[in-house]
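The structures come next, written out as structure tokens.
Note that chain A is present in both complexes that follow, paired respectively with chain B and with chain C.
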Partner chain A sequence: MSTHSASSVKQSSTGVARHNYIRLLSQNYPVRFLVPAGFILLVFFFIPTILNFVLAFTNWSAYNPNISFNGFDNFISLFKNGMLLRDLRTTLIFAVCVAFFQNVFGLFLAVFLEEDTFANRLARVLFFIPVLMSALAVGYVWQAILQPNGALNQLLGGLLGHTVKTAWLGSTTWTIVLVSAIQGWKWAGLAMIIYLAGLKTIDSEVLEAAAIDGANGFQMFWKIKFPLLAPAVTFNVATSLLGSMNGFDTIQAMTNGGPGGSTEIFNLYVWRTFGQGTYAQSTTMSLILFLVVMIMAVPVITYLRKREEKIL
Partner chain B sequence: MTMATFQAEPQKSDQPVYKSKWSTGRKIRHIVFLVLLVFISLGLPFYLLFITASKNQAEALQLSLRLPTEWHLIDNFKTVLTEGKMITAFFGSVAVTVPAVALALIFGSMASWILARRATKPMAIIYALCISGLILPPAVVSVMMLLKTIGLAGTAIGMICVYMGIYLSTVIFFVTGFIRTIPISLEESARIDGASPARIFFTIVLPLLGPTLGAATILLILYIWNDVFYALFILSGKFDTLPLNLYNVASAGLHLNNWHLIFAYIILMSLPLLIVFAVAQKKIISGITGGAVK
Partner chain C sequence: MISGKWVGKGRVACAALIACATLLAGGCSNPTATQSNEDTSAAGYWPDQSTDLSGVNLTMWVSPNSKNLFEDVVASFNKKTGANLKISVVADVYVNNAQTKIATGDVPDLGVWQPTSSMLSGLVAQGKVQKLDNAPFIKNYKEGYADAAGMYKGSRYSLLFTAPSVLGVYYNKEVFEKAGIKEMPQNWDELLETAQTIKNNLPEGTNSPFYDMGGAQWGTQWAVQVQLAEAARDGLWDRVNSGKEKFTDSTIMDAITEYQSMINDLHLFNEDIGSATDVTEEQALLNGETAMIFGNLSLFLGVSAMANNDKATLDKKIGFFPISKEGTIATVVPEETNGLVAFKTGDSKREAASRQFLTYLMGDAYQDFINSQNTTSILTTAETPDTVPQALIDANDSIKNSVGSMQSLAIANPDFYVNLASMVNGTMTAQQAAQTTQDQFDEIAKAQGAEGF
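This part shows the complex of A and B:
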């Protein structure tokens, strides 16, 4: 029967046994179960991805009905007009900052709300509300708060006793950081829940032993809890870092890429050029995003996994 | 990522849980800080959202924290519902989200069962391909072009297929990890009794996936219900969903003048998920949390 595990087959090591094993597997776990998911993934994920590699080398646009290949022209023009490097830089800053804010906020909330008291439970539920909301909506709300005449300046003005007119979304240097902090705020609730789950799996005996040895709160966190949270860190950092590379909504709602294009991440460029009908530019940038994420994913995930293995 | 058992049963530990012994003073400080934190980080945005949605146009324009002189919340809701295309957009969102989530869960679980149980090299490669979408961004322009060629651009069906293509990887990742932790013996005994694979899958395996599918459902609904990026490319004005409609309302130049309507829209569009969450809050949190990270 199919209770044969792969290893027992290797031990018997005769070709016949292996053949039978495979036959049993395909009888009990027929490949046709893979077909619906496989078909959808193939047609709506893999083929478009491959197509992207083709279209990025063409002059496809809304004004040009005849598509023809133009080699690396799109890449060269994106490089020459500075868009490629500017948007790459912006996207990387955004992703790193979001990963930082989301995890710092989430971890802080998890540690702060760790004990199962009524107040803490209630606060956890409240901090999950932004996670449920549309990122676009969250972006509009914060845009209103951060306007020069917005709520934040009014509050600060009240506290300081004079009018404050800071254009929080008007800095070509700091707005991208502020926008990532808002994105981090929006997703902090999810990171919090995952960190809480990690904290719950920590063996209470370890904590008791540390307490008996006289560890203070600071040591308890940095020497014991934080290292043991490694799997949660891996998940949260990988998803927030690599996921924000593909971000769009929050920035679109808060700044629309401005001021002066300083918050334009890849996907904003893709949408903007798509709207202008220069589809080739759009696909090329989309392909660059794909490649950058692919190149980043391997070292990021390997590093986080290695870190986990070292600790656990 | 080691989220294989992202949503197994919550661990109920019988052993005495370690508790830091907090003095009363520390407890009070904790509560005070908690209240301050909630008020500043959540109170401010939600207060502003609520009062601005309750003002008239002129007052809302000031974006001030003062209470409205007259409350117009219900009127603003009415305006948004009747003048905007909100109701159509709501049904559009439902028509896209429900089938996309349901089909992704079913198709994903079927595939996961095979991928989890057939431990062969080729299957490992197929699995790796299937979950690559967890991280790799979809080729959004090409997929639009493809849908145009097959006549599905701007349709709910096209959108559903694209969402499935994007989020099947999430389902397969979670469910495969979970099935690997289920002992095979249950399936074996049914097989000895002569049950077909389809019967085994639907009557034995699928019911066991409850907690995992619960957590995957929440994540997928969160992503799909709130998505605007993919909808912009695929649906482009031919079919409305709530976020798409909000985007159009807000960027139609009315933006700066109509904060009260935009905020009323935001409250209304957030309600469905908030209600679901309020009702199933315990299940959702424990679904995502339970034994989450091993």
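This part shows the complex of A and C:
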């Protein structure tokens, strides 16, 4: 009994402490502090997301003064149309290629610019500039460079001694790879910074020990540095892969989805449909894209996390 | 306290639910739609051109193609009336971007707009544009122009201020001469013969009889559309509009496969057709790298700009002839550079000021406008300047024997050119290009509530 009452006294005193703590918290951080951020989140994130789900099941369009529900009509007509799957496939190819190029370029730059010399610092700044540039500007500049009478062909012509007229953005097979590489180039600076941060956190004693054990540069990188970069790899691969699923601007400026629709990623299709005034259709498409990204994100991030746990 | 916390959470959840319910209920009416009726014949609906507009701020949207069109006339309008009308360029693809802005509630006072029923239907359905019936300048249109464009379901919603674009063949006179072509083709078969003759006698510097732009895409539809002129006269687009005929049926399908065969079997087009653009097409015609293009007004204006708008050079080099399957019927496709709409902004003063600008443009300012644009006058009150290139005069003359294009006569304007560009690039078959276009047509027609879809 006494034990019981002692414990209940203890419990109630803990309860009082907790009570005071919560009161203190709510005094210092009243809930109303959350209102501005909550409002912005509500208006610009929650409501559009909810509406995205709702409007996909309606007949909202530029041609109709009223909006009414039409069940799965939009989904049925979308799946009947071959364009949906074609553009989803193009988007996946684009995302995978961008993730590859961005990470390869970024890792390469990080490794070569790791040492803190003046020249390296300058080079890091230079390679980071494309990240800050407008994606549309990047697209237009590269489009001009890669035109049949553009700078690249002129340069090649000068080197080879004859006129080069290659239409770099004219291949229905390879243009998607080329635009992915350019998107990868644009964002490589960001990947570089993250990989650099990862490299800087590696304990120098580990490297020293490996050097004493006689590891060469190649082994040092692949056996020690690269595995220890796992968290950076997770972040970079996940953001570049999933981020590119939402790509639009660079491709819009470079190819407008051409040649022959071979670079028409999903968002270009969504935009084209919206421009036709069939708003509910394009909303349905964004919903489908949202779901595809979600379906991809879970296994990709789970796999990369597991890989980290295994290594670290 | 803990239960209090849950009450708090409950309140938030309740509020969120109420917010969603309100949104859903509100979602029953299109938030961007406004409805009203206006009496265009009422006194004062069309204000006098010189009515004072001090303190009235107006915005006009123009496309990159038309960004210099109204600079002078806007400046003189502002000076004359005291209004503050500003021009704002909306990036390409203009119509998509403008539609997107309008859908989000961003509406200007005036805007260039393709004056075709397919492009006006959305704006009218949402009650976004003012009616322009009974405008004082309509009686001044030269024959054929008053009804050539800008009408939707019997009412005028867009002002046609220059001759609508005409589809036909723009050709390089020097190449024709070198290849020994003296007679202009009088039907499709003769056009193919002409092309074959040029191909067999390719002058130095000329690479192909025809040129097209699979890269920029939009020009790919002209070669197909000109073949449909007779069918269009026989009611092709009415049948398509009611779902009785499809893009995949023989009329349109044959025109598509003919175009494909001209590229792949007869090799009459430029080798880089897949990636070529409007700019390279204009250059090729002017420089004689190609003999002919299936062109519209935009393309000719591009060529003209490259020749510094010099009449002598253009008359020496560039000619125009209309063509169709059986004869020489021209196909008319009004462009956004031909039409202006006045939007409903809810501010009656600004709406009247917009109408006043239209009256001024087609009134006191028209002669100066035509002179500065160096184009043909479509009003009896203004003279065509003698510096207008002959090819443009010929193209506009051919309107007398013309028929509307898909854009003018169909209720929807699907991305036909995108699919044709895919066909040109070999990523779609002719059948797929037609089917994809039809699918999109069905969607838009269904959204409009058209019968048969």
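Keep in mind that, in the parts below, the second predicted complex is superposed on the first by the 283 of 312 C-alpha atoms of A that agree within 3 Å, B and C clash if a C-alpha of one lies under 4 Å from a C-alpha of the other, contacts with A are read in each partner's own complex, and residues count from 1 in each chain.
Everything below uses one rule, namely that a contact is a pair of C-beta atoms (placed from the backbone, for glycine too) under 8 Å apart; a residue touches a chain by one contact, two chains touch by 3 or more.
Nothing here was measured: the structure is a model prediction, and the numbers come from that model.
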Checklist entry - Touch check for A:Q276: first (chain B), second (chain C), both, or neither? => result second
Next on the checklist: Going by the contact rule set out at the top, does A:G261 touch chain B (first), chain C (second), both, or neither?
Outcome noted: second
Next on the checklist: Quick one: is A:F290 in contact with chain B, with chain C, with both, or with neither? Answer first, second, both or neither.
Outcome noted: first
Item to check | Which of chain B and chain C A:W187 touches, first, second, both or neither | outcome: neither
Next on the checklist: In this superposition, which partner touches a larger number of chain A residues, chain B or chain C?
Outcome noted: B
Checklist entry - Thinking of the overlay built on chain A, is A:F57 touched by chain B (first), by chain C (second), by both, or by neither? => result neither
Item to check | chain B versus chain C as contact partner of A:N66, first or second or both or neither | outcome: second
Next on the checklist: For A:I22, using the defined touch cut-off, is the partner it touches chain B, chain C, both, or neither? Pick first, second, both or neither.
Outcome noted: both
Item to check | Which of chain B and chain C A:F101 touches, first, second, both or neither | outcome: neither
Item to check | Overlapping contact positions on chain A, where the chain C interface meets the chain B interface | outcome: 22, 31, 46-47, 51, 55, 271, 274, 279
Checklist entry - chain A touches which residues of chain C in the complex? => result 1, 8, 16, 19-20, 23-24, 27-30, 33, 35, 93, 95-97, 99-100, 102-103, 121-123, 125-127, 214-215, 217, 272, 274-275, 280, 412-415, 418-419, 421-428, 432, 436, 439-440, 442-444, 447-449
Checklist entry - In their complex, what parts of chain A are in touch with chain C? => result 19, 22, 31, 42, 46-47, 50-51, 54-55, 58-68, 77, 80-83, 148, 165, 167, 169-170, 172, 256-262, 271-272, 274-281
Checklist outcome for this item: So, in the complex, the side of chain B touching chain A is made of residues 1-3, 11, 13, 15-20, 31, 33-34, 37-38, 41-42, 44-46, 48-49, 52, 62-65, 106-108, 110-111, 113-115, 117-120, 126, 129-130, 133, 135-143, 145-146, 161-162, 164-166, 168-169, 172, 184, 187-188, 191-192, 197, 201, 222, 225-226, 228-229, 232-233, 242-243, 246-247, 250, 259, 262-263, 266, 269-270, 273-274, 277, 281, 285, 288-294
Checklist outcome for this item: The residues of chain A that touch chain B in their complex are 1-3, 5-6, 22, 25-31, 33-34, 36-38, 40-41, 43-49, 51-52, 55, 112-113, 115, 119-120, 123-137, 140-142, 144-145, 147, 149-152, 154-155, 185, 190, 193-194, 196-198, 200-201, 204-205, 207-208, 211, 217, 229, 231-232, 234-235, 238-239, 242, 245-246, 248-249, 252-253, 267, 270-271, 274, 279, 282-283, 286-287, 289-290, 293-294, 297, 301, 308
